[in-house]
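A, B, C, D, E and F label the chains in the order they appear, each numbered from 1.
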Amino acid sequence: MTWPEVKDYLGKSNIAFVPVGSTEQHGLHLPVDNDWWTANEIAKRTSDRVSAKNISVVITHPVAYGVSPHHMVFPGTIALRIQTFIDVIKDVCLSLNKHGFRKIVIFNGHGGNDAALIVAVTELKEQIAGDVYILNWWDLVIDEIKKTCDPPFFHACETETSIAYALDQRVDRSKLKGEIPQLKPTFVKYDFLAGGPRVHAANPPMNKLSSTGSVGHPSKATKEKGEKMLSTVVDRAAEFVLEIAKD
Amino acid sequence: MTWPEVKDYLGKSNIAFVPVGSTEQHGLHLPVDNDWWTANEIAKRTSDRVSAKNISVVITHPVAYGVSPHHMVFPGTIALRIQTFIDVIKDVCLSLNKHGFRKIVIFNGHGGNDAALIVAVTELKEQIAGDVYILNWWDLVIDEIKKTCDPPFFHACETETSIAYALDQRVDRSKLKGEIPQLKPTFVKYDFLAGGPRVHAANPPMNKLSSTGSVGHPSKATKEKGEKMLSTVVDRAAEFVLEIAKD
Amino acid sequence: MTWPEVKDYLGKSNIAFVPVGSTEQHGLHLPVDNDWWTANEIAKRTSDRVSAKNISVVITHPVAYGVSPHHMVFPGTIALRIQTFIDVIKDVCLSLNKHGFRKIVIFNGHGGNDAALIVAVTELKEQIAGDVYILNWWDLVIDEIKKTCDPPFFHACETETSIAYALDQRVDRSKLKGEIPQLKPTFVKYDFLAGGPRVHAANPPMNKLSSTGSVGHPSKATKEKGEKMLSTVVDRAAEFVLEIAKD
Amino acid sequence: MTWPEVKDYLGKSNIAFVPVGSTEQHGLHLPVDNDWWTANEIAKRTSDRVSAKNISVVITHPVAYGVSPHHMVFPGTIALRIQTFIDVIKDVCLSLNKHGFRKIVIFNGHGGNDAALIVAVTELKEQIAGDVYILNWWDLVIDEIKKTCDPPFFHACETETSIAYALDQRVDRSKLKGEIPQLKPTFVKYDFLAGGPRVHAANPPMNKLSSTGSVGHPSKATKEKGEKMLSTVVDRAAEFVLEIAKD
Amino acid sequence: MTWPEVKDYLGKSNIAFVPVGSTEQHGLHLPVDNDWWTANEIAKRTSDRVSAKNISVVITHPVAYGVSPHHMVFPGTIALRIQTFIDVIKDVCLSLNKHGFRKIVIFNGHGGNDAALIVAVTELKEQIAGDVYILNWWDLVIDEIKKTCDPPFFHACETETSIAYALDQRVDRSKLKGEIPQLKPTFVKYDFLAGGPRVHAANPPMNKLSSTGSVGHPSKATKEKGEKMLSTVVDRAAEFVLEIAKD
Amino acid sequence: MTWPEVKDYLGKSNIAFVPVGSTEQHGLHLPVDNDWWTANEIAKRTSDRVSAKNISVVITHPVAYGVSPHHMVFPGTIALRIQTFIDVIKDVCLSLNKHGFRKIVIFNGHGGNDAALIVAVTELKEQIAGDVYILNWWDLVIDEIKKTCDPPFFHACETETSIAYALDQRVDRSKLKGEIPQLKPTFVKYDFLAGGPRVHAANPPMNKLSSTGSVGHPSKATKEKGEKMLSTVVDRAAEFVLEIAKD
């Protein structure tokens, strides 16, 4: 887009999507860019859906680097320090806001970014005229994931791989090897959807969780499972965007 | 304790508890120090329990100030900038670790500290010889909270007030007035235990959620409910500590 | 206090006390929390005294961690980086000021915090509407200390131990062992009240000054000496607070 | 690429390309992503060329946001604070280096990034085992630019637009309107290739230089001019890479 | 000096002097560079004295900018933020130390720098192999100042002006006008040598202390008084340097 | 100058000169303070020249420490971290601007400061009411340098030494030994005036470029060459200052 085109958009809409992910190992079978790529694809599908309802949005270039220190034991990972990542998110949102985007939706594809994103939007709250939302695609379909896939839901797992199939991501089907961590203490769980009781800790280097880098059951992934979950993600993301478009 | 007493402890144990909370408004009925005070009481009860099993722990003075910018609209709140809070947590843990405490359990009493604590322990991971755990008391009893209290579980609510009763915290029983936020968009939920689909955002100033500062149903709180939940919290916290004591 | 109680206070008074100290070794005979505990006790006694003159003040929870890198050679010390400590002081004062406290008195119990506190209040000067004062209890009674105790006045010494007796602090009377540093160069003095000529330097690790961690003559300490000095501290602190209450 | 694929690369090569640009207004006729897009295309063409000589390189995802505060007066610009940009560059290079990439070539497409890149690589010098190079494409063809295009060479100008044509970038040919700044003092020049005598200053908001955002003569741009310059850029970039591949 | 000359020095000596001051208003009668200039002159005289005893020292270029926010109300003051000043001191000392200077003496001429210098040397303590000393010239002659001049000793006062005369500093003798601050509360004292009881606070803007910028009695200053005090300063500074030269 | 004298200046002029350089090795023959000293001398001569045209300027004390990490391998170098240097420049300019200096000219004498100065003035752009210019003396006379001296123009070379002669700097004529670096890759050039094609990189430790620390041909330097170049520098600097004095 040229700047006059962005200006035209701003005449119709003040919603921007910011896809955010990471560049980090994703097991033997998924590319290192999987997380930002997934977020970007979901953002685009959501944009298409709401534009059918006459809601225009602008999608920024994805933030491709995230919080991945625990993945650095595998080559290909590019990790930002957490403070750098927070600063990038804040600067991007502040720039958008300065131009008039008052509803900014961060489409996040990487669980490891969560805490840093919350810090970023909390700090932005007092600096911005408008709202910044964090949309983790999995938080929209926890029910579907539980119905569709076996636990754990963690990294390069059945769910993530199924979504990759559904998005036509490149998947090396000959290397679908995940592992289930056997780490102590048992209160610390390597599954985003595990119920309590639980205690939190920093992730250990990922090779302590899985020698392939994949945690879970990627070999059970199918395109059908992915499409089912993806479809609900986009339905609900669009529903959300239509809701904020009304204010 | 004197330093020779700390030294003696280190001969027997390398576990330290760090109670963490906030100083922030807690509705008309609870004191501003409720969160760190609750965390500290739970830490002490857990220590008593495990010491009956011959496991010694040291409890530091509580970190009484936390992440509470959204509560600043009510007098009495004292909020650290997020980075300051992260630095305090890191410095306390680094000091403990330098003396030989290799298992540090942060007993957290304030939901608003969560993301910052995760950032802190992630950054500590590469600086510390040992492990730092974040123990949010509610994460140990999500099942009990759901069985015992009405939603939302958020701030100065039925659950938090029941726990306060059980701990003999000072409660102004004449002012048990909570409110249920009616904010849009509906995807953003002011209930830590709400299921999905959900989208995250920074908390708005708390007076937009509730004119009293309390969200939920504090008037339904009872000492019995509190004791039931508290008892499970301490059981499970002790179980966790006994597990890490074994390595 | 609940937030409505703080609000009531603010209707009558705009004075807040912030007790500040450290968590650091205090020789064989005093607890590691001695400095913040002392500051807190003096703040409370001063509050009682001025409230008899109808001046209300609010006392915050003490800042229990301070600038103590040189004490880290003894277990039990928890040291903040200097910048972290400055940030905590600033954030606490800014929060208080935002609610309307325009006269903030930091009751400091730890000499090692001095320089950092001056940096903090200098930086606050341009950010705050009101005044922040640093009240080191010993600066109120230099004359009394000189009359009552033998030099050096430094750390876990005769003066500090006498004050501890007077405040009913826990003191291990069987271990009152201090040492007098014999370090070169002689121009650098380990006595806050030593006259000139003198040159300043960072403190060396405390075990180079004293193998017990106590510098001076703690065995000469008595409750009577402590009560005499303490009484003057509180008299003068109250006189100061009554003076600032008038503007 | 998956992590095993990156690992394979590292068996053959320790060269990585990092395309860097900006997201900023580029006049009425070029997209806001022109600078990182250009850098990325040149990196890819250079990679193709050297791989014909059996030299493998890895190209990272481009750093799409740069130093563009002066462009913020036009919508669509997303500017990082300079320190944020420096931190991103450093974190990306440190991650690459940790995996074994010892020769990192930053393909820069945005003149405004220059100073910050030099700061970044200077700071990296003491942290990295290897070398980081900054390759500004125009610095490879100053002679060709002078021969081919009219001055000034500055922003969305004849040169940049010609290169865009050559790379099949989207160009709005109906809006090729540049302006020549008439600002004082004359010693400050808005032309990267202007000879001396000259004095430097921060760029003013770009709308003071040109109401369209384009400085120079974009209407004189042609694909042929672009191809000629581009061809030399790639020739020389490849020559450089082949040289560093030898050590 | 050329670098081979510095190298020669390092063969004989590992002592460096770093003169530090400020650029700030000094009343109607003294130049804004008075503090660093004074420190530099005293450093030179001390160097001369010890070189007569065969002790060589290197004197760095003075750090001419310091901590002077309260003087900014008068033109000509150039103030560093406190953190900037601390960083400069640390970087200068770290550079000296890297070359082998293990005994670094900061000759400080500005009282406002004190706290920041203590922070700097405390932080340096863990980064440097050697010792950094802070030599405030007045701390060497408190007894002489009290005998020679009338209080207050504060800024552009009788003492500072007498020293200026003795050093042949430019003094505008027609404008020797100081004032004595009449600020409340009385516990806060604008006299470095005032005894207790006292409470500390950030300095207010200097024009609240004195309309001329000079606090005290500059008109009572004489060259004789200055020479007497200066002579003792240099005697004792030299004695100190000779002592540290021995280790 | 006293503050009333600065005030008088501000009545006539709002131009300030800030000489900036470094303290770093300059080969066997030039002193370590050469760069700031040169900048300061040129600033003074420019001031004299424009004052003859009734334009008054104030010259600050020079910033004597700069960006010189690569020179630290030679004793006598004192290097600031880049961020420290940027902060100093910003604080000095902000102070000047606060007093009313709206046209600030940084006379820079050290090439290594360039990038950091550009970062500083870019960040200042949004904080300052007025303009900050960077005047590198060599950028005023590139044509003259090329006509007068042999390449490379880099460090303690023919040009720099000639200017030193012309300014009556102390030069050790018995040690005029420069070297020409033979480093790979050839695209990285150690000559500020070298034409393209070129690629940039951080400077290596200077002893890899030259064992004496001098790069180029200092033995060809003469006072006449220096005077010729210096005269043009001052002519053009004065012309520039007269131009900005007009607005």
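Operating definition for what follows: a residue touches a chain if its C-beta (ideal position, glycine included) is under 8 Å from a C-beta of that chain, and two chains touch if they have at least 3 such contacts.
Everything numeric here is computed off the predicted structure, so don't read it as measured data.
Traced through touching neighbours, the fewest hops from chain B to chain F number 3. Common neighbours of chain A and chain D under the contact rule above are absent.
Common neighbours of chain B and chain C under the contact rule above are absent.
Copies chain D and chain F of the same chain sequence form an interface built mainly from equivalent positions, shared numbers / all numbers used being over half. For the pair chain C and chain E, the distance between C-alpha centroids works out to 28 Å. Averaged C-alpha coordinates give centres for chain C and chain F that are 49 Å from one another. In chain C, there is no position where the chain touches two or more neighbouring chains simultaneously.
Judged by the touch criterion defined above, the protein chains form a single closed ring in which each chain touches exactly two others.
Beginning the circuit at chain D and passing next to chain F, one meets the chains round the ring in the sequence D, F, E, C, B, A. Interface residues of chain D facing chain A in the complex, by the touch rule stated above, are 1-7, 10, 23, 25-33, 36, 60-61, 64-65, 72, 74-81, 83-84, 87-88, 91-92, 95-96, 98-100, 172, 175, 213.
Chain A makes touch with chain B in their complex at residues 67, 69-70, 82, 105, 114-119, 121-126, 131-136, 139-143, 184-188, 195-204, 236, 239-240, 243-244, 247.
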